[in-house]
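In what follows, subunit A forms one complex with subunit B and a second complex with subunit C.
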Partner chain A sequence: MKDNKLITLGIETSCDETSAAVILEEREVLSNVIASQIKVHQAFGGVVPEIASRHHLNNINPVIDSALKEADITLRDVDLIGVTSGPGLVGALLIGLATAKSMAYVLKKPLIGVHHIQGHISAVYIEHKELEPPFLALVVSGGHTSIVDVTDYNKYEVLGHTRDDAAGEAFDKVARVLGLGYPGGPLIDEAAKKGNPHAVEFKRVFLEKDSLDFSFSGIKTGVLNYLNTQKLKGAQLNVNDTAASFQLAVMEVLTAKTIVAAKRTKRDKIVIAGGVAANSLLRQMMKDECERKGFDLYFPSPILCTDNAAMIGCAACYKYKSGLVDNLFLDAYPNKAL
Partner chain B sequence: MRKVIHNELYTKRFGIELAQKLKPGDIIALIGDLGTGKTTLTKSIAEGLGITEMITSPTFTIVREYMSGRIPLYHFDVYRLSSAEEMNELGYEEYFFGQGVCVIEWADKIMELIPQGSIIIRIEYGINEEERIYHITNIT
Partner chain C sequence: MNILAIETTGAAASVALINEKGEVSVEISDQKMNHLQNLMPMIDILLKKRELSIDDIGCVAVSEGPGSFTGIRIGVASARAIAQALEIKTIGAPTLKSFLYHANDYKGIICPIFDARRNQVYSGAYQWIRDEHPGKSKNESPCRKEVQASYRELVIGDAYDLPQLLEKLKTILLKESNVSTALEITFFGDGIISYKEQIIDWQNASLNDNIRVLFANDKIRLQNASSVARLALEYYRQGRMKSLYDLKPVYMRKAEAERKLEEKS
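Take a look at the complex of A and B:
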């Protein structure tokens, strides 16, 4: 407790970031420490699970220590512990879970398992104190692309999701074939700024007329086919143009479906969250569309878009206040549905 | 065996037919470049097994389990593994030697772990956009 306010320790280790955060009540961030492994994985062109687990193991204690120190509290001040329990890489999740469980046991404090995607959505609360459910959320990340109707802090209805690749996954894969490196999202975002988005008209996949699902495997293959045709023609490949055209095709579909979903659910607020929500074109297109169609738009600053423990702490506090507490048998669920 | 897959419909038909012959413990190793249709083929195998859940790309979590069909399906994408030893961390033996069917994308990354009796399908791009060539062998 601090000034009679609840203190939550949040822990996140689902993928390649080891993060710990201290949250005051639901939305005030006292610290949010992130040890990124991106540099470690760059050499391999992506996250290597075993290496990821090993780094989490080395990082977790120092990261928690700095989070407490930065928040100017000690472990004894912590009232509850929130931890990502899925989805993610099983070995990576287990490091965070084991740490959280042993702390909860020793400190005799409640333990709360958080769905990673609920975390991404909650990231938006931190910087928008006025935002309350209901709203419509587009969650776009490395492993997810979903349209979610958020009816209450702990009530979610998934209206649509990807049928094959997630949007972030498509960015990472296309960046690889374009020779841009890892992680693909930010690199394509940058390259696209120097390219012509109408150079190649990649097919926009909208699926059946009323569907809110997505499919991004086709555009991945579309880019590959385009590269092959260029090669056969002996034509020089313009990486920036290709990146820009790919990005526009993806963002047009994401934006259009999100707006349709908001209209259908009669929500007046739209939230975008997850790693891909850092994309500059997506933000611009969503801003323009929302302004034109009369929706209020909310998104986190880039640091809260990617994986971080502040969003997990925030979500944990909301769950705690609704009485959603776990026990020490809490397990990792690598493929957990929201 | 070499098989020309003219378009996605053939992939679908191939997957559904293959699924009819599968029994618990079978392993299908898929080898082929990005976008050759490994996940697409797995979707059809799943359909043939009577699985009702949506099969999505397992690239992110490496393995996904589907239990709603005639036999459980364990769908792997081992692209991100740097070595075969990493499969231990996932407890792969329980999957490979369990009561389900395993389909493994990017199986060439862990070839030394693929047991005898597995079906290997090497997929190549064909001449036309939708064409794929399947090279099917059994490890004996």
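Take a look at the complex of A and C:
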């Protein structure tokens, strides 16, 4: 406790960021330390699960120490521990979970497993103190693309999700074939700024009428086919134009479906969260659309878009206050539904 | 002073407590490969049986590997977090070496083999050294018995191609069999399942008749936290505790992707 307020230690290790954070009550971030493994995985062109797990284990304890130090507290001051329990890479998740479970047991404090998507949504609360449910959320990252109706802090209804690749995954794959490197999101965003988004018309996949699901594997194939055609023609490939055209195709689908979902659920607030919510075109398009259609739009600053433990701590505190506490049998759930 | 020992490198997890007198109690999971879920509840049960609390633990030891990569990480992460929250030291116990304590009174060679796939095993060979001159020191100082146990490492713990390991063992066994009349080697570990036949063929083809090759029975074949605890107590007496930040997993093998990347370049 600090000034009579609950202190939550948040831990996140679901993919390639090792993160620990200290949160005061639900929304005040005292520290949010993130050890990124991007450089480690660049050599492999993507996240290698075994290597990610090894680095999480190397990083986890020093990262927790830094988070405590920055918040100017010790482990004994912590009132509850929140940890991502899924979805994610199982070998990565279990580093955070084994650590959180052991600490909760020793400190005799409540342990709260947090769904990664609930974490991403909670990231928006941190910077928008006035935001309260209900609202409509688009959670879009390297591992997820979901439209979620958030009816209360711990009540969610998934209205649609990707049937194949996540949007961020498509960005990584397209960046690789364009020779831009890894991670794809920021690299395509940058290249697209220098290109013509109408140079190539990639097919927008909307699936069945009324569906709020997504499919991004087709557009990735579309880009590959386009590259091959250009090669056969002996034409020079314009990487920036291709990146810009691909990006626009993805963002049009994301924006359109989110607006449709918000209208359907009669929500007046829209939240975008997850790694791809840092994309400059998505932010701009959503801003324009929301302004035109009369929705309030909320999104986190880029650092809270990436995987981080502050959002996990925030979500854990909301769960704790609703009495949603886990026991020592908490496990990793790599494919957990929200 | 109590040491908590964690063993999660094999199929079944176990935890043990040992005090300075060397009294051990152990809790073994009846589930396979469910370490993350079961480890803390098992520790809780074990402590309650001994009427202790986690705060009574003075040092936490872990079977550091080799073995299942995931299992090693669950053990090391848990041991480190316990040490971090309790502000105590840790001990990294080499998993292969812990098999010495599976057979305290055994005179033969102890050889754990863990299936590492790709026709490889994680293995090492160890042997207790007995006092060959009992008259010399036995009654002079009664404390002598408490002095550190003594053993030798005949094959250094590492990842080996099976034929490479058997060749090393053959050289040692043939040399040793000239010295002692009856020589025994006992294999432990889950590698027995995959490699028993190859080992028997090797015995028939390359060893003398006075060398006996045995396979540990099911009950003592696999990793066990009680042996980890005994080895940890020995390390504790030698002052070989370390900070949690120095407690490292011992994989003995690179990640597959890393190996392939190096092969390419």
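Going forward, the second predicted complex is superposed on the first by the 338 of 338 C-alpha atoms of A that agree within 3 Å, B and C clash if a C-alpha of one lies under 4 Å from a C-alpha of the other, contacts with A are read in each partner's own complex, and residues count from 1 in each chain.
Here is the rule we use: contacts are C-beta pairs under 8 Å (C-beta built on N, C-alpha and C of every residue); 3 or more make two chains touch, one makes a residue touch a chain.
Remember, predicted model here, so these are calculated numbers, not experimental data.
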| item | value |
| --- | --- |
| Which superposed partner A:Ser53 touches (first subunit B, second subunit C, both, neither) | both |
| Partner chain in contact with A:Ile126 - subunit B first, subunit C second, else both or neither | neither |
| Partner chain(s) touched by A:Cys305 [first = subunit B, second = subunit C, both, neither] | neither |
| Touching partner for A:Phe44 - first (subunit B), second (subunit C), both, neither | both |
| Touched partner set for A:Ala166, first subunit B, second subunit C, both or neither | first |
| Which superposed partner A:Ala137 touches (first subunit B, second subunit C, both, neither) | neither |
| Subunit B versus subunit C as contact partner of A:Ala20, first or second or both or neither | neither |
| Partner chain in contact with A:Val148 - subunit B first, subunit C second, else both or neither | neither |
| Touching partner for A:Val253 - first (subunit B), second (subunit C), both, neither | neither |
| Residues of subunit A contacting subunit B in one complex and subunit C in the other | 44, 48, 50-51, 53, 91 |
| Residues of subunit A that touch subunit C when the two form their complex | 43-44, 48, 50-51, 53-54, 57, 60-62, 64-65, 75, 91, 94-95, 97-103, 105-107, 328-332 |
| Contact set on subunit B toward subunit A in their complex | 33-35, 39-40, 54, 56-57, 59-65, 79-83, 85-86, 89-90, 125, 129 |
| In the complex, subunit C residues that touch subunit A | 34, 36-41, 43-44, 54, 69-70, 73-74, 76-82, 84-86, 244-245, 249, 251, 255-258, 261 |
| For the subunit A and subunit B complex, residues of the former touching the latter | 44, 46-51, 53, 87-91, 142-143, 161-166, 169, 173, 176-177, 217, 220-221, 224-225, 228, 334-335 |
